[in-house]
């Protein structure tokens, strides 16, 4: 169903092939040789289509679906419509994602260096690197095999990028080392000076920023996001961390593995996120703080203190979930009381 | 008065010509043949200048103005200074805008394809398309007549752009269909993957994003804003919607006609805005919500529920205007009480 | 210690040379001929290294440091470890910054115009201007001596840039006049139309924006920040003002000298900041306001009224510091009361 002008579909795949790719097992009555040609949502799927159920909210759509096959949790297998082959997985969304990647893989490198690209003779390009028109690769840069550099991107002096990575259109990189399978979206800015200066009424004096940005394997950095290089230490983005659009990451920040940083949020200088911490949209974290592993910072929160591991915080200044919602409810009650429609002391009802 | 290095002024125009362009009528004593050469604010306007009054706050400036002509609401005509010709309009700011556009039209296409532009031979360009130096137009793209592509912009594979549109410097477009008279400002990012993946401690798994971005006619998208393509459905920006700078629009979002989305605000995935809804600066809207026609979301609000049509909401979590300001006032009173300068139970005074 | 692939270190310098550059005096027992080769943090510094102490919190690290020399306030000179030469300064961080700049100066212009740059023949370039590959300099632009234009940057028609400035990769400038020693970071957007239109259900009508952006000397504008040109008056950024990443500055805004505008904050149209005002991260200021000299607006605040000089404000709507923290504390107490672990009327304990 994807617009063929923009998307090249791979496949078809048999049910058995997809089960192997996504770590699922087939339901007893499913035909391993069933041929699947595409993925589709439950309500649009038909013959040849694979769909998925990840949320009990969609149970009705599942039961009404005409999908040829469906990824589903084993506990819901008995709700399946007759005639739908099942891929049973304890992580159905993950399994579905792997199947969808089979049909719609990231475009492979063409291995073509455009005649309209500007590659410095001292840059070293691995096998099958793709460089689009207008891209600039400066002196001493190193690009790993099969990495794709999109149109008008700029790879600065001595930047190193690993294998199978993608640098989006108009992105710019300097003072950084980038791992394998990293995706930098269009317009992201990586490696510029951090915001460091000695404030002075006679004129602020910039402090040279002499660190780098280190981006580990499997990281994604969203469109128009900015990651400043370290002031002396490095700024480090841990393996598998996902960063959305328009995010600001200050100098010396360290993010552990698998963090999720949602759009328009910002992290001030020298703050550390332990692995799998989540920063929701438009939230901000002050400098020099520690955010524990698996902590979750809600959208628009303002974090001014360390956050312990596995804790959820909300609001500005950010506080634990329970306390925040108690305050929100309390304020609503009080405001109601003031209007005469209640009594401000009866808040426990 | 505009700097002639940067702006080419059209005209002069007679009062009658301007009245016809802007839907105004002349005051009884105004000379239709009066020649006007420029627009100017009330306090700076003089001979040959057209000004406007849109806000009673500036009545004094109006009365003191030496403008040759002025756009004004009929109800204020009797306040006009002697000798100023009047263009009477029930929408004076709109009428003024149309006159100002007459003097300062968007630059027309030169019809020139720079020798330093990189246009794929398979791209199809309409009549009088302008392509500046360093712009890249990839395979299969289609550009409508008189559309202007600024320096170092990137038009991705198979992207379609209508007539009389403008794509700003360093903007990048992929996986999208763009209408007529659309203005994309410098650095905007349109059509990249949305932020979709199966979260997993063993490594997040990206879900392929197989939708597009559809931008209808007369839309503007501000500088460095980001609009992600749909995950399967499309992301849709309705006719005449105005989007300011540094705005984030997530995958599958639908905006109706004439919405206004102010700087640094963000809309999460799959949320729908009905027509003429307004999202003020730095506000955020969670995913999968419905915002009604003509609703207004105040600056910095955080919207976590549907907003009914024609409703104004404020704060995080966002609530109706009246309730929000009652809470703000109540908190101020309580805090005052705590300091000993009041009593926290006397809030009704 | 800086990665030599990315940083070219100058020096070495004698202690006497550094003292002269940074306005410090030598401690009595310091050898003016001592040779220093680099700067380093207190805990990493060794032979040949200059460090600094700016905050009593690090007194212990200072006392344990093996730095050859250290910049320190005269009042702390007696805490210095034996054998460390001291540079005594009443502004130790400022003095350190000046020394660090000596070792790590901004890269000088190579004076090279890349054959892959696109410079309009009518543009005027001063002596020793550097223009990197893919950069576009449009008709009538003027670039001052020693200014560096990075790869894929776009300098629009008739833009004027002073001497010793730096325009980052993929930045775009139009309708603006830029001073000396200005640094524009990668992806910044300067001079595009402001967000001005007559709202109308029949279709919003854009109001032509006929002002410019004026950027005075010694300003820095962060990565992917956006500064719209004036609607008629100019947008003005005063001398020495520092703007961080992803900041939005609306049309007609005036910033005085030495302001500090932190990441992801935004300033709405026609607001004026007097000199040395500070806007912290993710804060927003409504339009047509006056922010006094030296005022400080805290992170994530929403300013809806004028702020007097030298005042600190917090929260949304922003209020004076004392009042804000009183409210925060009061709300915490009340919410505690509601949970039965306190009494909401005993808030004064």
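First chain written, first letter: the chains are A, B and C, and each begins at residue 1.
FYI, contacts are C-beta pairs under 8 Å (C-beta built on N, C-alpha and C of every residue); 3 or more make two chains touch, one makes a residue touch a chain.
Note that the coordinates shown come from a computational prediction; the quantities given were computed from them, not determined experimentally.
Two copies of one chain, subunit A and subunit C, form a contact in which under half of the residue numbers belong to both partners. Between subunit B and subunit C the CA-based rotation angle works out to 120°, given as a multiple of 5. Inter-chain centre distance (subunit A to subunit C, centres taken as mean C-alpha positions): 29 Å. Counting partner chains per residue, subunit B has residues 134, 152, 170, 187, 224, 246, 264, 282, 300, 331, 334 touching two or more of them.
Residue ranges on subunit A touching subunit B, taken from their complex, read 1-3, 5-7, 40-41, 91, 93-94, 96-98, 100-101, 103-105, 114, 116, 132-134, 150-152, 168-170, 185-187, 218, 220, 222-224, 240, 242, 244-246, 258, 260, 262-264, 276, 281-282, 299-300, 315, 328, 331-332, 334-335, 338-339, 344. On the side of subunit C, the complex with subunit B involves touching residues 118, 134, 136, 138, 140, 152, 154, 156-158, 170-172, 174-175, 187, 189, 192-193, 195, 197-201, 203-208, 210-212, 224, 226, 228, 232, 246, 248, 250, 264, 266, 268, 282, 284, 286, 300, 302, 316-317, 319, 323, 326-327, 329-331, 334, 345, 347-348.
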